[in-house]
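What follows are several structures.
Shared chain: chain A. Partners: chain B in the first complex, chain C in the second.
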Partner chain A sequence: MRTLEQTTQEVLALAATHFQLPVGSLAPGDDFFKKLGIDSLQTLEMLSRLENHFGIELPDYEVQGVSDFKTLAERIQSRL
Partner chain B sequence: MKSFNGKTLRWESREGVIDLTLDHEPANEIGTAMLAELEEFVAAFGALAPETSACIISSARKSIFSAGGDLRELYATAAAVAAKDRPAGVRAFLERIHAVMNAIDEAPFVTIAAVHGACLGGGLELALACDMIIADKMARFAFPELRLGFIPGFGGIPRLKRDLGNAFVRDLLFTGRTMNATRAQAVGLVAQLAGEGEALRIARSTAAQITKYDAVARAAAKKFIKPIPREELRREIDLFCELFTRPSVMAALKKFVEDSGPMPYLP
Partner chain C sequence: MLDLSKYQSIGEALKDAVDQFANEVCLIEADREREKERLTYREFKARAHPLAKALQDAGFAAGDRASIIMTNQSKWLLSAYSVFFAGGTLVPLDYKLTPDEQWQLLKHSGASVLITEHPIWRQLSLSAGRAAAAKLQTVLVTEAPPNADLAGARRCEDFRGEGEPAFVPRQRKDTACIVYSSGTGGRPKGCMMTHENYLEQCVALTSIYPFWPGVRYLSILPTNHAIDFMVGFFGPFTCGAAVVHLRTLRPEYVREAFPKYKITYVSLVPLVLKNLQKGLQARFDALPPGKRKVFNALVAINKALTKGRPRPGLSRRLLKQVHEAFGGELRTIIVGGAFTEPQTLQFFYDLGIPVANGYGLTEAGTAITVNDLKPFRADTVGKPLPGMELRILNPAPDGIGEVSVRSKTVMSGYLNEPELTAETIVDGWLMTGDLGRLDETGHLQLAGRKKNMIVTEEGKNIYPEDIEAAFESLPVKEFCVFAANYIWPKRSMVGEQLVLVLHLEQWQQLTDQLRQDINARNNRLLNYKRMHGIVLLDEDFPRTASLKIKRNALAERLAKLDNATAILPL
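Moving on to the complex of A and B:
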C-alpha cells in the first residue's frame, strides 16, 4: 500500500513526464491549471494517465474544484 | 465516388475499406456542417456497398474523437428564435442526425470506430452506431447531457441499452462522468484496447481481416445480432424536444458556452 507521500510524488512525476517538464519542477501545493496552463482536453488526458498508472477510476466529480497536486493525490489515495 | 474531401470530414474507399476521418476544428463538434457531410457520406453507401467490407471512422484532431453535438451552434440557433419555435428546429436536426446514425448502424458492411482521446455525447453516439469500438488506452467516454438538463439526442440511450448492461448505462448517464478505455472494455463498450496512438492501426488490421469473409454471411450476421431499436429512438427524439423547451436548459447551455476555463461549466 502506497503512503500519501508516495502517491503525491508519483502524481508529480507523472505530470512532469506528461507535460515534458523537468522532474522536481512541480510541488505538491502547485495549482496545476496555472502551473501547467492546461485546457479541458489535457485535463482529461491527465486523468487517463493517472487512472492507468494507479489502476483506479477517478470520477470527474471527485476532482471537480481540485486544483493542487496534494489534494489530487488525496483523492487518488482514497481509491487505492 | 471513391473519395470525398469536405470541410469537416473526408473519406476514401480503398481495397474494400472506407476510411472516414473527422477533421473539424476545434473538437469535431457535430453541428449542421458536419451533419450535411455525414448525410453525403451515407448517401454514397448504396454505390460503395458492393465493394466494401468495412468502414473505419476516426479523428484527425489531437486528443479527441469528437466532443459531440455542437452546443455553441445549438445555443446560438435556439437563442435566435422565440422559445415556442425552438422545439421544431431541434426536432428537424434530430430527425436528420438519427437518419445518419441509423444508416451507419445498419450499413451493409462492418463499421469500426477507432477512438482516441475524448469521445463525448454525440461523438459517443456516433461510435455506438458502429459495430465495434477500438479504443486507444487514453480514450475517455461520457454522456454529459444530463448535467445540462437534457438527454443524449443522437440515439445514445437506445443503443447503450441494446448493447450494454444496466449498471454501466445508468452510471454513465446519471453521473455524466468520463470513463476510461479500460473500464469501457471491461463492460463491453470497447471491443479492442489499443496502446497509445495505435487505435487506427489496429482498426485497419481488423478491417483487413474482415475483408476476407463472405459478404452475404457477414451482412446476415450483422442484421441478426444488431437490430435497430426504432421505437425507442423515436421516443428519444420526443423526450429530448420536451426537455429542451425548459428555460433551465437554455440557462445551462448559456453558462456552458460562455465558460472557456479548463474545466467547462458542468454541475
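Moving on to the complex of A and C:
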C-alpha cells in the first residue's frame, strides 16, 4: 500500500510527463490550472492517465473544485 | 411531435408524451464503457409516478418548489418529470457551485424539497449554510451507499408512493422553473420562467432543428443550464426522441459515445468545441502527405457543394472517415452558453458537420437567435427565432446598439427583485446588456457588452460583485472587481477578463506580501472566476450616501487610465 507521500510524488511525476515538463518542476501545493496553463478538459485527460496508473476509477464529482496536486493525491489515496 | 399549442403546462405535455411514445427509447445512461440503464417512455413513467405520488403524500402541492442538484443522468429527468406532474415549480441548480453557494440559492428560492446525489449531499450537509434554508423540509438522496450517514435526508430509491399520483394542472402564466442566471454573491438573479416560456421556445426551436422518435441527443451541458433543459429534456421528450447521459465526461468516453449510440445532436460549449477542433486538426496534420492532399481536396469539394445549404448525405459520403468517427448520424452540433469564434464554426461546417450557433440568455428563455444554415454564416449568431421581436436600441452610426427582445419566451421577472426586473424588462422589452447590429439580411452580429460581466468559453456568466467576497478584509483602503471590457470597451466577445481594482492606503505600496495575499485568495476561487490582473487607482472610490460603490462612476474614472499599462499581471 502506498503512503500519501508516495501517491503525491507519483501524481506529480505523471502530470509532469503528461504535460512534457521536467520531472521535479511541480510541487504538491501547485495549482495545476495556473502552473500548467490547462483548462478543465485537459484536467480530465490528465485524470484518465492517473486512473490508469493507479488502477482506480475517480468519479468526476470527486475532483470537482480540486485545483492542487495535494488534494488530488488525497482523493486518489482514499480510493486505493 | 406533440402539438404544444394545446397544452397549458410542461407537466401536461410530458404526461401525454410518455403515453404517446410509450414504446420508444427515452433514456440511455452510461458510465464509462458500461451501459447502466435504458428506459422506454413506458418504463420512464413507471419509474417517475411513484416518486410523484410520494411527493404528493408528503404534502407537496401546486406551486411548491423543488430543487434538483445532480450531474447529468436519468434521475435528473425522472425527478423533474415528477415535480412537474405534481404541479411543482422546479429550481434546477448547478452542481458545480460550492455548497455555500448552493445553500444560498436554496434559501433564496424557498425550495421545500431537494433531490440530490449522495456525494453532493455529503458536502452540502457539512456546510454551515444549511441552517439558512429554513423552508427545506425534504431532502432525497440518490445512490447512497448502504451504511451511509444520510444526515437527515431520505433515500430517493425508497421514496415511493403507493397507487397512481393525481396530475396537478398548471396555467401557462404560472412559474414552471426558477433558473439562476447568476448571482451567488449579494443579489441572486432567479429568473421566473413560465410554462408558456418553455412551450413557445420549444415550438420555435424544433421548427428549425426538429426531433423525432429515433433521434438521439447526447446530454453533456449541465441539465440545469437553459440549453440542455430545452434540447436535452423538454424538446426531445415532446417529440419521442431519446436522451443519452454519460456519467463520466472524460473526452475519451465522450468520443466513444458518438459511434456507440449513433448520436444525432449534441450541445457543447465553445471550449469543448474548440478542443474537438484541435484534436481533429492534429489528426489531419498527422496524415501522410499524399493522403492529406486527397483529404484537403475532398474538404474543398464539400465546401463548394454545401455553400448554399448543408447536404448531410453528400458530406457523409465525401468525408466518410470523419463522419464515421462521429457515428455517421450526427446532424448538427448545437453550441451555446458563450460566443463561438467564426473560424471554429467554419472548420466544422467545411467538414459537413453544421454547428448551430446562436445567441440567448436565460432571461429570454434559452435562445433569441439561431443560425438556420440557409445559408451557413460563420460571422453572425443567426436570425431571430420565430416569434421573437428584436431591436437595436440607440444605434451608433455603424448600427451597433443594445440588443433588446420581446417574445412569449421572456421570463416574467426575477424572483423577489421587482426593481431589478423593472430595470431589465422595460415596456415588455428585455434589455440584454449585449451590443450588436442587425445586418441587411436580418442576421445578428454581436459586438461586445454593455454590462459589467464576462462569459467564459465554458459558458459561465461571471458577475464581478459575486466574486468580491473572496477579497473581503484585504488590507487595502478599498477594492472593487470589474470586467476589463466594461472599463475599456472593445467590440469583441472573446478574451474577456476580470481585474481587481485597488486603492491603497497613502503609506502603502503593492508589496510582494500583498501580492501573495491577493494570489492566495485568487487561487481559492474556481479557475474561471479568477482575476487576470490588478489595477491601481490613487483616489477614493465614488460612493452613494449609503456608502455603496458607484460602479459606473468608478468605471468612468478608470477608463481614463491607459489599459495597456494599467493592468498589472497577477
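Going forward, the second predicted complex is superposed on the first by the 80 of 80 C-alpha atoms of A that agree within 3 Å, B and C clash if a C-alpha of one lies under 4 Å from a C-alpha of the other, contacts with A are read in each partner's own complex, and residues count from 1 in each chain.
Convention: a contact is a pair of C-beta atoms (placed from the backbone, for glycine too) under 8 Å apart; a residue touches a chain by one contact, two chains touch by 3 or more.
The shown structure was predicted, so the numbers you read here are calculated from the model rather than taken from an experiment.
Contact with both chain B and chain C is seen for A:Glu57 once the two complexes are overlaid on the shared chain.
In the overlay built on the shared chain, the residue A:Asp31 is in contact with chain C alone; chain B does not reach it. When the two complexes are overlaid on their common chain A, residue A:Arg49 makes contact with chain B while staying clear of chain C. Shared contact residues of chain A with chain B and chain C: 33, 39-41, 44-45, 47-48, 57, 59-61, 64.
Those residues of chain A that touch chain C in the shared complex are 31, 33-34, 39-41, 44-45, 47-48, 57, 59-62, 64-65, 67. By the touch rule above, chain A contacts chain B in their complex via residues 33, 38-45, 47-49, 51-52, 57, 59-61, 64.
If you check the complex, the residues on chain B that touch chain A are 27, 62-64, 117-118, 137-140, 142, 175-183, 261-264, 266. Interface residues of chain C facing chain A in the complex, by the touch rule stated above, are 32, 71, 95-96, 98, 117, 119-120, 247-252, 271-272, 275, 458, 523, 526-527.
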